[in-house]
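Handing you a structure now.
Which chain is which? They are A, B, C and D, in the order written, and residues in each are numbered from 1.
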Amino acid sequence: MHDVSGQAAHHAPPQGFVRKHVFSLDHKVIGKQYYALALVAVLTGMVLSWLMRLHLGWPNLAIPGLHWISKTGAPGNLMTPELYLQLMTMHGTIMVFFVLTTAPFAAFGNFFLPIQVGAEDMPFPRFNMMSFWVTFVAFLVMIASFFVADGPTLGGWTQYAPLSAVGAVAGPGQGSGVVLWAASIGIFCIGQLLGSLNFITTTLDMRAKGMSLMRLPLTAWAWFITSCIGLTAFAVLMPACILLILDHVAGTSFFVASNLVINDQLQPHSGGSTLLWQHLFWFFGHPEVYVAIVPGMGIVSHVLITNMRRPLLSAKVMIASMGAIAFLSYMVYGHHMFVSGMNPFSALAFSFPTLIITIPATIITLLWIGSLYGSKLRINTASLFALGFISMFVSGGVSGFFLAQPSIDIMLHATYFVVGHFHLVMAVAAIFGIFSGTYFWFPKMTGKMMNETLGKLHFWLTFVGAYCIFMPFHYLGIMGNVRRYAQFVDDYLQPVLGVHKFITVAALLTGAAQLIFLYNLIHSHFWGKAAPENPWQATSLEWSIPSPPPFDNFGGKPPVVYHDPYQFGVKGSMGDYIMQDSPEPSPTGD
Amino acid sequence: MAKFFAVTIILIAIGSAIPIVRGTWTQPVDISTHGYEIDHQYHETMWEAGVAFLAAQIILAVFIWKFSNRREDAEIRRLPGGATGLVLAAVLLVGTEVLALGVFGMNAWAKVYFAPPGPGAMPIQAQAGQFAFYFRYPGPDGTFGPLHPDKINEANENFFGLDPVSDPDSKDDIVTAEMAIPVNQEIHLLMHAKDLGHSFYVRELRVQQDFVPGLDVSVHFTATKVGKYEIVCTQLCGLGHYNMKTYLEVMSQEDFDSWLKQQAALQ
Amino acid sequence: MKMKKRYQYRSAPLLLALLLICLGVVILGQKVNAAPPAAGKITGTVKLDGAAPHMKGIDMTKDPYCAKYHASTPAHLENVAVGSGGGLENVVLYLSEGLSATAAAEVPSQKVQVDQKGCQYLPHVIAVDVGQQMEVITSDQTAHNIHPLPDMSTGNIGWNRSQPPGAPPFDSAWKGEEVAIPVKCNIHPWMHGYIAVVKGPYATTDSDGSFTIANVPPGSYTVTAWQEEYGKQTAKVTVAAGTPATADFTFKAK
Amino acid sequence: MVRENMATTVHQPPQIRTRPDPSRLGQGRNGGGNPTRAGGSPRVALDDSSPASRTGIWVAIAAITMTFAAFTSALVVRQGASLEAWHLVLPRILYLNTLILLASSVTLKIARRRFRSFLLGAEGERVAVLRGLYATLALGLLFLAGQYMAWMQLKAQGLYLATNPDSSFLYLFTAVHGLHVLGGLAGLLHAIRQLGRSDLRASTLAATSHYWHFMDILWLYLLFVLWMRL
């Protein structure tokens, strides 16, 4: 805690490559590092999902080179059930933690939060640097589990006990694999806690003169709310991981009940609670969903407003709704456990907040759609992805109606319906937010413009592809297709194997479309045409400084803020907008 | 571009709705007495969710179509009612809708979970282990013998860890690999997890319940249609999870009695 | 990754040296094989005294493939397999005492094969020499996982890997003597067998209980017979070059 | 102007300066605050504590609270699940340790008070402050040593981490709390070093002592939970 001294915001421009680009204290570099990490992670996760889909579509297909991933898991390049589950677990874990948490929150947040509040940096740059490198180590540890004896854990990203707690006897990867998993996630938590600490303090204490809380851009608000969720959620997951590791290496029994017999061997553990893990995990797990999606909401609002050339109908309502979602997210986690043997009464206690959470979610959606009315919508890749986000968010959101009700959950729990639901509303929507943010902010981050044509192509393939993949999931779930099956041997599943083949093809194509984005990203980064200071005629502070921003963001002249963040559709000196830091009076007066 | 996008959204929205409306993929016919509640609730929800889904997507598309790429001098118009209107709409429409769903859903849930099994319910013990279900019928004496985890030995097919020698109650217990039940007879299923978390899922029965290690939970249901149905595990339990299944045979009382005799002979 | 590479380079000479040593050992070994002392053998039968216990049938409903496979020939447990004339099958015989170090160190080059057929192990019990390759193959159209559960104290390390239909065979050897390592398939919980890991010559009885322990160097030994239900029995035999010694065993039915 | 300020802070010979918190230079909270740097009067040093560090420490405390809330709820749930008897006599020494930790808070409080008058120019107070900080440091170390003793006593009773749930949680709580106390000690060392460089800022000391007092409260809470439950 010794670094808790606000002076950190000021450090001389670093000299030398290492200080500049590797162990940099500059929030912008750290933001980019997070983005790069997310990029590597998302590609890894995508390849894993390709392999999974290939196996589900064509179970007896030998996938060339599969044996590189697992020594024992792929005899003759055929995928064994354990390997499938291991890939599935790694896909989920990597995507949820190292992509959906790092990219929209840590990456963009690090880069833009200080700029948007008008600060030179975060208050605790050392913590900030640690936060990235700790996360990076966590990623390495996670990947390392591919190289241990019998591979990574197969317990799923939820890592339910006692499967995760009894050790190798439960199956391949449940020994060292789980320990590495828990260690990695524990480390990851530390990283995110340090990050959230910085975010919260930045928002509260580093704001420029005139930047009242209500003048913060919606992105800043989103990141602030997210960091509040993150701070509490990750602070709960870390102890859970510690307990899990202890059950493995120290022989304690926090999660393992008495008298379990595996392979005819009576397990040494005694008296642990199976549900304890589920409680701890989901207390983190559900807020985590909002850690992934709320920054997306902020980004989409930010991008849409700029491209609609008008403010939202009410920014306050948007902020309030995001806050409400964050607050409610702690009372709903039990809806993941309706059929888990929890007291049936508590199912109801959890069901109602879950249903109520749809109200703020609906308000947010309506605010976006309603604000479109009478706007001057500009269509570019960024706004397309933002609109795509809304569409995805709606599609994924409505299936929440079903899962929020314990009675219907009896049928749909643990089926592909759930998989479709959270992929649309959490994964795809959040990813669309990331894409939207990337196309929108890339000029500011790198000083280069991205290629719009490629961008639009990327959007079309991704948008249609995502629907082709995840809509059928719902149908499969409705007819009872259980998730986490390495193969569909059940009689009742034979008729739908064709659907799975279709999904596989769609997944491969959509995945391939992401390579366009990758190419666009890299090509534009080096050979893209130079970006002006404010290509989108946006108003918030990040657009008032050169692209890319100088080392201390504002060249030592901290900005003074005169307006609300979104002065659009007004008669300004530069056009239909007034920058936040321009002293000229705004007609609305705020 | 924008108009094309609007059309795409509408096409996707309608396209997604078609299989639901035509019932291309739908849950199998319900064979339980409580299932009606769930199905009813499900269809109610499908209606409301479906309408919300289509409405949102289509309005979004229409607005994109109408308000994109307008002339520079076009003036910004404000949605009648503004934010307050939207909030009211959300709170009133959606709020009442979800609350209604919640209340009725609670009703359905209560019918399944809060009503205790009737006195005539027939007890069957289900044991889940990696990666198979086994079932135990109490036999003529109607009582289950105690379980001895240390005596479990799959090599000798002692899946439950019974000790017929010293436990009289265990002598006539009947252990089977598939589950047979008489039709129209309430079953009280006592669920015991041998090693890890598993789950008992019969789609046609509208029953899904986890096995919780160290905690014996129970469900009760009545099957109303003779036939053979699949019992599958829905709680990830290891590499064989996908193949952890067995069959539920719903038989006439006579068939069931003879089946049970036959099984008893095999013990 | 980089770490790993550097490590490999550094250890390259070491590996080379090891390789040479192994080569040497192999050559020497061949020398030994080249001029063996005129080997004798031990023959005999193992019988069960008393009524063969009832072997429960196996209900394979869980996996339709297995059930279909046994539709005509119902599967049953194989813990005690009694053949014609009370011959006891699947009994492992090995020389527990009297074997010279060199003879004990010899490792047969041919593999011992265990097949997974009709969701049962074929054979139900196998014996292998310490360090001898055991080859696991599958003839089934359903995936199995092979899960030996050795006693850690013997230095044997358990593993658990599955073999989807059509997967190639895989080999594995054992470090320490252990009679016997239970093997099971978790996907088909009824599926179990045994691997007896012994030093020196061994045999397992066939369907009518007879066995032959081949190339036993002359000398006197203690032959041990192991049966999964009835445990061990021993007999002293003296093997002269050429003439086969005999040893018969009888297990009492419980 | 920020750069200049940087330069000056770096190169001036050690002397007591009331260094305004740079993070507030030309900035302020809620669009107000005082955009001008805090002027010469040493008295300003009193309120010259960085809001960032103050907020920061409270945020950190919130996170730690959540962590231990999770641990305790784990204890409660775990106890509800288990059938075996829960009885374990807390090692006596824990109570002694508690007193030591409380004492350390008192010494730190004194040190902070002395630091005030020190900032007001009383150069002689530096020693007093140092003494206070060292005393806190020593007591902190003593506390940790005491906790270790407690472990030894448990071991003597044949109670290890995995022996039974009670011992598991006892070891767990003391260990995790001990780790956090180590963090506090690091903070103290940092403060002492800065004081040596005449570079210690009221905010740093404030943050450190907030954290330290929180460690007390946390320990009292944990002890209470253990005493109640075991």
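Just so it is clear, contacts are C-beta pairs under 8 Å (C-beta built on N, C-alpha and C of every residue); 3 or more make two chains touch, one makes a residue touch a chain.
If you're wondering where the values come from, they're calculated on a predicted model, not measured in any experiment.
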{"item": "Chain separated most widely from chain C, comparing mean CA positions", "value": "D"}
{"item": "Of A-B and A-C, whichever chain pair has more C-beta contact pairs", "value": "A-B"}
{"item": "Chain centre separation in whole Å, for chain B relative to chain A (CA means)", "value": "29"}
{"item": "Centre-of-Cα separation between chain C and chain A, whole angstrom", "value": "52"}
{"item": "Inter-centroid spacing, chain C versus chain B (mean Cα positions, whole Å)", "value": "46"}
{"item": "Interchain centroid distance [CA atoms averaged], chain C/chain D, Å", "value": "64"}
{"item": "For chain A, residues that touch 2 or more chains besides their own", "value": "80-82, 171-172, 257-258, 263-264, 271-275, 487, 489, 491"}
{"item": "Numbers and ranges of chain C residues touching at least 2 other chains", "value": "142-143, 145, 160, 162, 182, 184, 186"}
{"item": "Residue list for chain D, restricted to those that touch at least two other chains", "value": "81"}
{"item": "Complex interface listing, chain C residues touching chain A", "value": "64, 142-143, 145, 147, 149, 159-168, 170, 182, 184, 186"}
{"item": "Touching residues on chain D, where the partner in the complex is chain A", "value": "1-3, 5-6, 19, 21-33, 35, 50-53, 55-57, 59-60, 62-64, 66-67, 69-71, 73-74, 77-78, 80-84, 161-162, 165, 168, 172, 176, 183-184, 186-187, 189-191, 201, 203-204, 207-208, 211"}
{"item": "Touching residues (chain side chain A, partner chain C) in the complex", "value": "59-60, 72-73, 75-76, 78-82, 150, 168, 171-172, 263-265, 487, 489, 491"}
{"item": "Touch list for chain B against partner chain A, complex", "value": "1-2, 5, 8-9, 12, 16, 19-20, 24-28, 37-38, 41-42, 45-46, 48-50, 52-53, 56-57, 59-60, 63-64, 67-70, 72, 74-79, 82-83, 85-87, 89-91, 94-95, 98-99, 101-102, 105-106, 108-109, 112-114, 129-130, 149-150, 152-155, 161, 193-197, 199, 201, 203, 206-215, 217, 230, 232-243, 245"}
{"item": "Parts of chain C lying in touch with chain B, wherever the complex brings them together", "value": "56-63, 77, 79, 142-143, 145, 160, 162, 182, 184, 186-190, 192"}
